[in-house]
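Structure first, commentary second.
Chain IDs A, B, C and D follow the sequence of writing; residue 1 opens each chain.
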Amino acid sequence: MRNIEIKINEERNVRLTAYIQEANGEFLFSKRPAILVLPGGGYAMCSDREADPVAAAYLKAGYQAFILRYSTGEHKKWPNPLEDYEAAMEYIKSHADEWFIDREKIAAVGFSAGGHLCATAATMAKNKPAAAILVYPAILKDICDVCQPGMPQPNEHVSTSTSPCFIVAARDDRTVDVKNAIMMQLALAEKGVSFESHIYSFGGHGFSTGEDWIITNSVSERVPNWVGDSIGWLRELFGKLTTSGFTAPTVMPSVNADFAPVLSVECSLNHIRKQSDEVIELLAPLFEGIKMVAAARRYSVEGLMAAIGNNTVRELMEMVRVPADVIKSIDSTLHSIINKID
Amino acid sequence: MRNIEIKINEERNVRLTAYIQEANGEFLFSKRPAILVLPGGGYAMCSDREADPVAAAYLKAGYQAFILRYSTGEHKKWPNPLEDYEAAMEYIKSHADEWFIDREKIAAVGFSAGGHLCATAATMAKNKPAAAILVYPAILKDICDVCQPGMPQPNEHVSTSTSPCFIVAARDDRTVDVKNAIMMQLALAEKGVSFESHIYSFGGHGFSTGEDWIITNSVSERVPNWVGDSIGWLRELFGKLTTSGFTAPTVMPSVNADFAPVLSVECSLNHIRKQSDEVIELLAPLFEGIKMVAAARRYSVEGLMAAIGNNTVRELMEMVRVPADVIKSIDSTLHSIINKID
Amino acid sequence: MRNIEIKINEERNVRLTAYIQEANGEFLFSKRPAILVLPGGGYAMCSDREADPVAAAYLKAGYQAFILRYSTGEHKKWPNPLEDYEAAMEYIKSHADEWFIDREKIAAVGFSAGGHLCATAATMAKNKPAAAILVYPAILKDICDVCQPGMPQPNEHVSTSTSPCFIVAARDDRTVDVKNAIMMQLALAEKGVSFESHIYSFGGHGFSTGEDWIITNSVSERVPNWVGDSIGWLRELFGKLTTSGFTAPTVMPSVNADFAPVLSVECSLNHIRKQSDEVIELLAPLFEGIKMVAAARRYSVEGLMAAIGNNTVRELMEMVRVPADVIKSIDSTLHSIINKID
Amino acid sequence: MRNIEIKINEERNVRLTAYIQEANGEFLFSKRPAILVLPGGGYAMCSDREADPVAAAYLKAGYQAFILRYSTGEHKKWPNPLEDYEAAMEYIKSHADEWFIDREKIAAVGFSAGGHLCATAATMAKNKPAAAILVYPAILKDICDVCQPGMPQPNEHVSTSTSPCFIVAARDDRTVDVKNAIMMQLALAEKGVSFESHIYSFGGHGFSTGEDWIITNSVSERVPNWVGDSIGWLRELFGKLTTSGFTAPTVMPSVNADFAPVLSVECSLNHIRKQSDEVIELLAPLFEGIKMVAAARRYSVEGLMAAIGNNTVRELMEMVRVPADVIKSIDSTLHSIINKID
């Protein structure tokens, strides 16, 4: 494992630390996933407690790990930290082959102010991470203003192209109120972005990986689970790294295609029903099937539609046994129709 | 382990199933915690998949377990199910000694519609559970109306006396949208109620305990963790059951005393600052300490106050080293002052 | 879940407690696995601490659970307890359909003296369990004689038809020395029987499931893991129970076919080399392959043979790329040759 | 985290790789535990698969981690590898202050041939590790001779001063037979050395940490648990590292004092009974207590003695309620008497 120190911005003292593991040779695969660690510290400093101990956890899981010590203190003025993030991400991508990294599988994890930076990267950056892990992140105006007035609130910038997020917080956090984590969940839910979230009943602020030797206050026994859980979540999103490369992912970055540029059978029933008459007509086999089910079970058609409206058109057509080739043909036609998003 | 069947309401076919384990004898303690299971089924039925398998999990952890098959179908009219809950809880409490149950440690766990019932019990019941576990609960108007228009939305009834909650859901639930779980978190956060929440990236609706033999669709490998996690959460809330009885709890039902009838040092700084001048004066030793810290670290006093405002007065007085007897005396005086809640 | 009490032998006060879960209906499968719990108590009594708490753990995992209170005290004279076991197992098998049990997937778990009974059942019974879980079992003469001189020592009766075993013990057990667990491992290793074993650094004797409310002395934090680990082991041995029935097993009861009545490619190289010249000749393609590998890597042929001798003929023929149809044909011929076991 | 490469023996190409984490500063403690990794490779090479991935696991847990690439191939002649181990350990100890290492808490972990080296270090080295983790270790003559005739068999060198061991293996290991792990357990059991052992039902040879990206054959889902379990075991042996340093250990390197130079109340009853008449007389209060218990419960005195003989004198005196000051006084006298070991 090589340790490389890179100066991203000498003037602002921005440094990227890289820990690079081998590939090929006895390790039969040639590409690893990677993670960029963004420590916290209120944009006043970058905490060591949220740097190496975090990198070590992902190294153990097979990741190439990077720590970005971004602009803080006198250099913290926004968007300096986000620019540092972009520069670091571009540096990593430009060295992807040399460092055995799969360009499509670079995640980021941020803590507190670093969680704010990570969430802005996930929502606003040019080089969005493939997945963002937000640990007790600062999201809302109140806490952002404590660091520096004028910074963006990431929940307000969530869009359908936001990176999938994994959110961690403690209910009794006195520094960054738990509402920060909740409002971020809400924004992701409203835009169809895939996420996972774990709010522990107690743990306060700044528990990092939750290891005994890092925590300074009382934390629930479940708090340290977030590390392994985030690795499991990434494994479902990226596919599993094996000696013969990555397996297929088991979860997608979006929960359906309601926000995609064109229509498809991956859109939800609720969404497709708001499209043109032409689309409704195209889906006649589905609506016929739903009517038959409603009649058989003595439901009202509208009641049943309401109950199943969040299912995708594919899921429902399979449920009412529309033949596979019909589904395929409908999907193909839908792909030629622009998606109307309200 | 005895299996007892109790008819709670013959006409509405409401049944309570009790699984009662021994106490005393080789088990040296005399009281166990208990849990009341409320299966789901859209108020049309009570699902067997969310009954015995759930009871078994808590039995294994030492609980007395109960399953309530509440009013459904033709009998579902609100508040019938909540009345069934109250009757069941009263029945259990009246048999607490006979069944080796600690009256203060009876939790409830509900799924889907049963999660709605559990959340109304936690917010509106006379016999609130000591802790409520809400698994993919129906909370919001849209989904409640699918079951039956006119039922209460539990998030609107959260108050400072609501039971602590443990919330479980899957991001991709097509039946009960993930916003139900999020809005319940938000309501609990706003009223200072303690909670824990786990939203898994995928799992759909109806995964129950997540065991292989129960699930019918694809679930994240982390989904089954909620069962053990909920037991760990209860252990922190109730104390640990040992052969010599319960140990002390490590987490309280409220995150601070901001909503208590009288003031105390467990109130947050933010809250206490909105009280009378008399109270501010009483806390002079705290404000002196904060000013000294601000000066030493070159923070503005207001900036520092904003950053630490969610800490309790006790936590902050200890941080600025106010002597223990002074804290005690201030707390005692605060207890005689009515709490102004806006 | 039904609770049924069965009198196996009235005179000796032998009782079988059955906990029967539903199948079919909402549970789409029709057969469950089952487990028979044999509590400990030095053949003087059957401990409640090793009865219901153990049953609950397997119920949670989907098993039908049985507790046998076998002959103890004045009735303990060997082979009474083993006869009780046989009678209970026959009773269960004769009710397998009524109780939704897969006859081929009935395990047993025994503790201390019950572990001795379980190990004798696994080695000597007519109705061997499909898998045996031995928790701090009494195996050796010294401890068996404390209970009752003249009882069999199960390690001396291990044969190639012994049930696969899962062994649990604590290093610092003062009652049943850890050598009991070690000598049982050794006997299983020598006869090619599949097993798993977990010896924890401390935990003493009698920790049962290791739950806080059961243990009376200091136990390692890893001790309670044995319960879930044993369930995982059974899942690999029995296949995973899903809503559409059991999947295929991932581990076999024997580590190879060295003790089977006829030869096959599942025999180890070491074993096959001790057979007749005819057999050696038949395996010419394998020996050719091994010679080529040895030449290519500059190993001595004998040295390489020694290094790989425990691999099965199939594993090695695949490694040296013998074509699949040749392997199949060799296997078929081997099946007609009697296995010489020394 | 610094990466330092040290040449231990230039001629034999022996290299020590050090990964050094910070202490003090934000990490409030000043000493970390350390681990020395000894990769496998049949003394022909040192496998990368058992080097960095292993180091990363212990780094994550807060350890300083070292990898020793010891003498192999043409330099493998015994005792070269053990000399390399001694030199590496001395190098580490001589830099303990500079590298924030607690000299008393340096463990070693070895795999396969590295497990052989680790086990010889634990039994025969001058600089024994404080704890030894043996993963599918080569122990017995057969397999040792495959690597190189004439190497010591570690189980034959186990003594009362052997390091506590944590043993890991798979039942179906075709390269290093499971008997290697079993015979090592037996040797440790016979000399009173503390140990823990996990034999998984399947996993073959060479699974390293069991991560998906390292394993090349089928392994039980439990196999990767050994890593976290070994860290938990070390935490019990070394005490827990917290921000204020190490807590007290919860398990000792020996299970009793039967092999100590002088007697004490930590000796077992069985052992103390084989000492002089003078000692027996000194323990009169204990024997009186045992007689009273035997009479009360209608046991024979000898039967009871046999049943409890492995308990320590202290445990038994406390059980029969010998006053604490009497125990203390007896212990003090025992300390002046030489221990007779047969």
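Just so it is clear, contacts are C-beta pairs under 8 Å (C-beta built on N, C-alpha and C of every residue); 3 or more make two chains touch, one makes a residue touch a chain.
The structure presented is a predicted model; accordingly, all values stated were derived computationally and were not measured.
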Keeping to the contact definition above, tell me which chains border both chain B and chain C. none
Taking each chain's centre as the mean position of its Cα atoms, how many Å separate chain B from chain D? 44
The distance between the C-alpha centres of chain C and chain D, rounded to whole Å, is 28
Considering chain B alone, which of its residues make contact with at least two other chains? none
Chain contact graph, described as a line, ring, star, complete graph or other shape: ring
What's the complete list of touching chain pairs for this entry? A-B, A-D, B-C, C-D
For the complex, give me every residue of chain D touching chain C. 142, 145-146, 164, 166, 171-175, 177-179, 182-183, 185-186, 189-190, 194-202, 218, 220-222, 225, 229, 232-233, 236-237, 250-251, 255, 268, 303, 306-308, 310-312, 315
For the complex, which residues does chain D have touching chain A? 1-3, 19, 21-22, 25-29, 32, 47-49, 52-53, 55-57, 59-62, 209, 211-216, 235, 240-243
